[in-house]
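Listed after this line are the structures, all set down as structure tokens.
Below are two complexes that have chain A in common, paired first with chain B and then with chain C.
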Partner chain A sequence: MRITKFTIAIIFISLMFLVKLYFFKLEPAYATSVVGTIDIISYSLLFMGGIIFFMFEKKRRIVVPNKKGKRDAKITIFLFAISLVVIIISSYVNLSKGAIEWDAIALYDARAKFLSQGMNFSEMVSLSKFDDKNQYYYLLYPPYTSIVHRFWHEHVSIAPISFYYSLNLILLGLGIFLLTKERLGVLFAALLMFLSIANTNIFYTSIIEYTNLPFTLYIIFGFFLILHFIESKEKWSLFFGTVLIGTSQFIRFLEPIWIAVVIAFFLTALVKRKNKTISLSIVVLFVFCALQYYSWQFFVGSIADNPQIFDFSHITIIEGILGIFTGGLFKVTLYLIRSWGLTLLVYLVSLINIGRRKKLADIFAGWVIIFSILFYWGSLYLISLEYDWWVEMGESLMRSSTYLLPISAYLLLKNVKIILGETRTGLGKRKIGFSEIIKRAFVRS
Partner chain B sequence: MQNIQKYNKTNLLVLLKQVRSLCYSIFPLIWASALLVSIGEALLYPGVTKKYLLINPLWVYFILIAACLFSKYDPKYKKSVLSEKLNKINLSLAFLFGLLYLSLMNLEKLNYSNFVFSKLHVHPAELKWPLFVVLISYALSRRGFHTIVNNKNIIKKIRPEMIIITLALMVSADNLIGISSMIEKDISFMLSNPLASYDLKMSEKVTPLFYEYTSFIKTNVPEESTILIPPQGYPWPQTGNSAYLRYFLYPRKVLNGEEYLPGANYTKNDIDYVLIAWGETIGTEYDYTHGWPKFDVAAEEIIYITNEKDKDKVMGNYVYEAVKDKELWGVIKITK
Partner chain C sequence: MKKLKNYIYNPFAFIVPWMMFLLYPLVGVLKYNYMTHVSSIYNPVALLLSFSYKVYKPIFLLFSLVIIVAWIKRFIDEKVSREHTVALIVVALTSAIVNFIAGWLLDFDIYYYPNYLYSTYGVRPEDLRFISTANYIVFGLIAGLIFVVVSRTLKKGIAGVWITDINIVLTTLGIVILLLLSLYPFSNIRTLLRIPKGDYETKIGWRYVYIESLSNIVPEDAKIIHPPQGSKWPEVGNQPIIRYFLFPRILISGALINDQAFVEEIGEAYFPYVTEPPWPEINRAKKTIIFNEEDKVTYEELETISDKVDIVIYKIIFK
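Entry: the complex of A and B
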């Protein structure tokens, strides 16, 4: 299991490393700057450090409670089968459709086209020089997706770029299963995998060529690796989790999810603040993520001289406070509830009982959900004060927050395991399979 | 002074206790009202409460939440049989409304907008409010979720496995139906055209009109040219979107004009061509109307998209008044 987690992490960290190296090659001004140098050195240190710790660190055994009852293979196989159906549908759509979606045409794939014709990112700013409405457009999103598109077009001729997103879906499903199998058990890990990849919003991101699915992937894997660190204290998982969370900003930059993770980790670690390892780990996570944030900001602002999409000042804060009394905050809250719909209910239900949980890992997950919701709420509110098109962000909000669903479902399933664990105790000491529980649930005794 | 503060504090506490007691006494009435309002909005139409009772239903739900919070701290609440019965009713109704909501929403997705209302006179999306009422009443009661975990008798009676399994099946069905309706249009094209070329697929995705127009531009406008395009907005969501259009025309440069003026200096911006675009959509925004450019252009030649071979190239200037209200597509080569 440890090797599986390590392998998954290495694949994504290596891929991001290669993308970053290519970006450095394209932008020598950034690569030779102090910020660029620190960026690549910090990345390399965490990368190598993770590998070294994995090889030489003593393996810690995680005690998984509620591991009662025999594994119900039939239901697990069924869940894998319907997950496979979902993946086949996604793959078929992506292999057959050929054409790409709006934002991929306008931005992600367009940049790939420009790259293949010799233009670099800092030069793309000039393309929208006379576009009063969208001057910031070409550097609104970081380069990861476009670089991947570029290399896919050049080196993978057997399948269109859309299929890359089906691969992301497969990796998301497999990764969620393998990373949670230890804690949830095989059956519940398979259920979590199915609920995640079959979720309408996550599935939708697998048939559009946008940044959302790769972003979700990096955040989810980073989250579970940090979770593993909290439980096992294995430093390699902290390092790799930090890299994945921090470098997710190289895929999408507008949503500061890394801040939610850092604050959640800080609050969780406060419980064990006297432990030096934990205290240092907060520093590692915060410093690396902040570096990644500042690196891209530096490139966009100083190297490429690209205008910002959002321009907040201290007046925005004053307007924000006044907006609470004029009903602006309520309007945004209602809009958020409508946009998220039942999914918000899932997020909130997963937080039930969070105050009574004893495991630090569960508390960390709860804080991540809470702060993510707060960030979306706060950011949307601030944007609503400055821009009248804020109401059009509903779909984008749904797509960018899909990482919350596997995390919430993970917490929910852990709660369910607790309930079912007590039920089994109530029914007697005999080990009972899940099929027997289903039968008993629907048949009156 | 201290005595006055103590007196005020005591008065406040007494007042709060009275409010708490009142909330507890009339809680079933508040709960029933909130439920009736929410069901009324779903069965009649959203806004019926505001129209006839002049009350925004959100205020009713807000009062319910406040009543839940106040009444649960009343000492009579803990021992109350009514509150226990209400909780069971809430849980059962949550199950019923949840099932109805998901089933009817999916039925709507599988057919068309307003299908459920036309057959059953129910607004499926509004069923979330009765669901919200029963769930929030249950969640805010003292006997909440952790009671299920702690009380084995309740576990045996209400069978949480049944609820959990049913919920999991409902969520799964909802997701699978959501996926099918999402890909329905794409799938039907793919299955009908398994060997479709890239051009046919792209044409289907961006509309044949727009794709044909960009192919026309690529044929008639050299790669090193700069083209003036319509302003961004309907009826030119694609031809007026410089980033979107650039994908098809790159390395040609594109520059947005204005509706009644070029908006750019032809010489200074080195503009070589101006698009003639009627508009891809019927809808418009920002008071734009169909047809562009709505200004005269000194032209070397004008190339139209037309089925008539000898009429596709026209020499001479583009005069807007002469072609006003004609649905034309083409490109103008500017006189330099």
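Entry: the complex of A and C
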């Protein structure tokens, strides 16, 4: 179990490390700056620290609440089979495409093309010198996706770049299954995998060549590793989770989700405030994530001298407060409800009973959902005060928040397990399997 | 009363009205085909068909919903028999098949032309959409029933209490919504498999020909002036989009060309003559040109270069 989590984490951490090294090679001014040096040293320390802790730390056992039955195995196989169908549909769509999406043409693939012709990221700013509308555009998104696109175009000839996104969907499904099967059991982990990859919004991000799916992948894997740390206190899991959450900003920068994760972690830690490990871990998580945030800000502002897309002033804050009374906040709230639709209901109902949960990990997951929703709400409100185009952000909002779906589904399935009386904290006194419950419910005695 | 109860709890009591409801668009087809072949709409059969079409839907839908609600109420306290389980499976499967067919038919209007379905077969798209929505509601109710029964089985000692347990109700709601949201790849499979397989020409649209010509004609170290970005020229005016095809040429948005000093700094450049809507505004007699829809600038030479019929690319020399 432990080795599977470690393997998944190390694959993604190594991939990001390689991308970062490539970026350092491209941008010597950044690589030799103090910020750049701290960036790569802190990354290496957590990377190495994670490996050392994994090798020498004593493994903490967590309760595995599962029992197996023939019918459970059959349902699990069925869930894997329909998940495979979802993957096949995504792959078919991507493999038969003749052209990629607009933003992918204009940004991710375009930057990959510029890179292959010898241009680096800081030079790309000059391309928009004679563009009145998109001066900030080329550095609006961090480099990860374009570096991957460049590598793919040059070294992977058997499939178009679109297939990379189906690959991400496969990895997301497998990762979710492997990272949760210890806590949820094989059957429910397989169900979580299916509910995640077949979900309208997540599936949609697998057939467009945008940053959303790789971003979701890093956030979700980082989240489940931190969850594992909260339950097991295994430090490698904290280190790797921190790296994944922090470096997700190298994929998408517009939504600093790490802030929601840090606040959630801080509030969870308050419950056990005398625990030294937990207190220190907040420092590790916060410092690394903040450093990743600052390093890209530093690169964009000081090295590349890129114009900012958002420009908020003190007046914005005053307008914001006034907007609460004049109905502005209400308008944004309604818009958010309409854009998220049923998905918002899933996020909210997954919080049910969270206050009564005994497990810190579940409380952490609940806080992540709460602060993410508050974050999107607040950001959208602030943007609405300054920019008219905020009403066009609905689809983008949906895509960028897809990481909340597996977290909400995880909490809901844990709740189902509690209801079914399968866990230690469950309501039922006698532990019975899922197949037994179905049998008892539907077959006449 | 007892007879009514016996009828309601009969496994076929749900299947029959539900199947009748699913056939509702066919009544519309019958009505359409009859109406198009009779001279007067006051014909008694036509009137009967019109009336049937109006009352058919609410009657069978209401009937089906009353029965399923009654079933849910009953099965809170009692086990679901094998016959009822089979009835529910039949209803769920039939609804899924009907939804698939409805989706397939709805695609006809997109594939051929709007109103194709009604004008050719007499099938109203809104009827198909209504049936699909009703199917989702019934799916939800069946899923809810299954979960209720499972929960009740576990809490045998406190049977009937479940309805007051908000935790169970909301968790069920969450799982049902998640399951519904997971149907997307399956319910939209036809649309997904038909996602345009064309190349960039298909993706960008007919104005792609300008980008293609510029890419073929203009030297890589030259400058290109393009239309201002906006709804008039969404693709050829979007600098990041066209740069993908035209890199490493220097691109200049026409919106920025507002004074003579600036164009003289440019020296010479290329631009496409876009026909719909026309851009830029050229006055050959006075040797002036408007790139930003407002300000005139003068030029020295204007040379036409083309590699395709109807596509004009100009080389302009300002100084």
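Assume the second predicted complex is superposed on the first by the 414 of 445 C-alpha atoms of A that agree within 3 Å, B and C clash if a C-alpha of one lies under 4 Å from a C-alpha of the other, contacts with A are read in each partner's own complex, and residues count from 1 in each chain.
The working rule: a residue touches a chain if its C-beta (ideal position, glycine included) is under 8 Å from a C-beta of that chain, and two chains touch if they have at least 3 such contacts.
Values in this document were obtained by computation on a predicted structure and should not be read as measured data.
Taken together in the superposed arrangement on chain A, chain B and chain C clash.
Shared-chain residue A:35: touches no atom of chain B or chain C.
In the superposition on chain A, A:343 makes contact with chain C only, while chain B stays out of contact range. Contact with both chain B and chain C is seen for A:203 once the two complexes are overlaid on the shared chain. When the shared chain is aligned, no partner comes close enough to touch A:51: not chain B, not chain C.
By the touch criterion stated above, A:159 is placed in contact with neither chain B nor chain C. In the superposition on chain A, A:107 makes contact with both chain B and chain C.
In the superposed model, A:408 makes contact with chain C only, not with chain B. Within the superposed three-chain model, A:98 lies in touch with chain B and with chain C [touch as defined at top]. Stretch 222-230 is the one of chain C that runs into chain B, the other listed stretches 78-86, 114-122 or 222-230 having no clashing C-alpha atoms. Judged by the document's definition of touching, chain A residues 86, 89, 92-93, 96-100, 102, 105-107, 109-110, 113-114, 117, 127-128, 130-134, 137-138, 194-195, 198-200, 203-204, 207, 342, 345, 352-353, 416, 419-420, 437-438, 440-442 lie at the interface with chain B and also at the interface with chain C.
Across the complex, chain C meets chain A through its residues 79-82, 85, 146, 149-155, 166-168, 170-171, 173-175, 177-186, 189, 192-193, 195-200, 202-204, 228-229, 238-241, 243-244, 247-248, 250-253, 255-256. Interface residues of chain B, counted against chain A in their complex, comprise 128, 135, 139, 144-146, 148-149, 152, 155-156, 159-162, 164-165, 168, 171-172, 174-176, 178-179, 182-183, 186-187, 190, 194, 196, 198, 201-202, 204-206, 232, 241-244, 246-247, 250-251, 253, 255-256, 264, 269.
If you check the complex, the residues on chain A that touch chain C are 85-86, 89-90, 92-93, 96-100, 102, 105-107, 109-110, 113-114, 117, 127-128, 130-134, 137-138, 194-195, 198-201, 203-204, 207, 342-343, 345-346, 349-350, 352-353, 405, 408-409, 412-413, 415-416, 419-421, 427-428, 437-438, 440-445.
Across the complex, chain A meets chain B through its residues 82, 86, 89, 92-93, 96-102, 105-107, 109-110, 113-114, 117, 127-128, 130-134, 137-138, 191, 194-195, 198-200, 203-204, 207, 341-342, 345, 352-353, 356, 416, 418-420, 422-423, 426, 437-438, 440-442.
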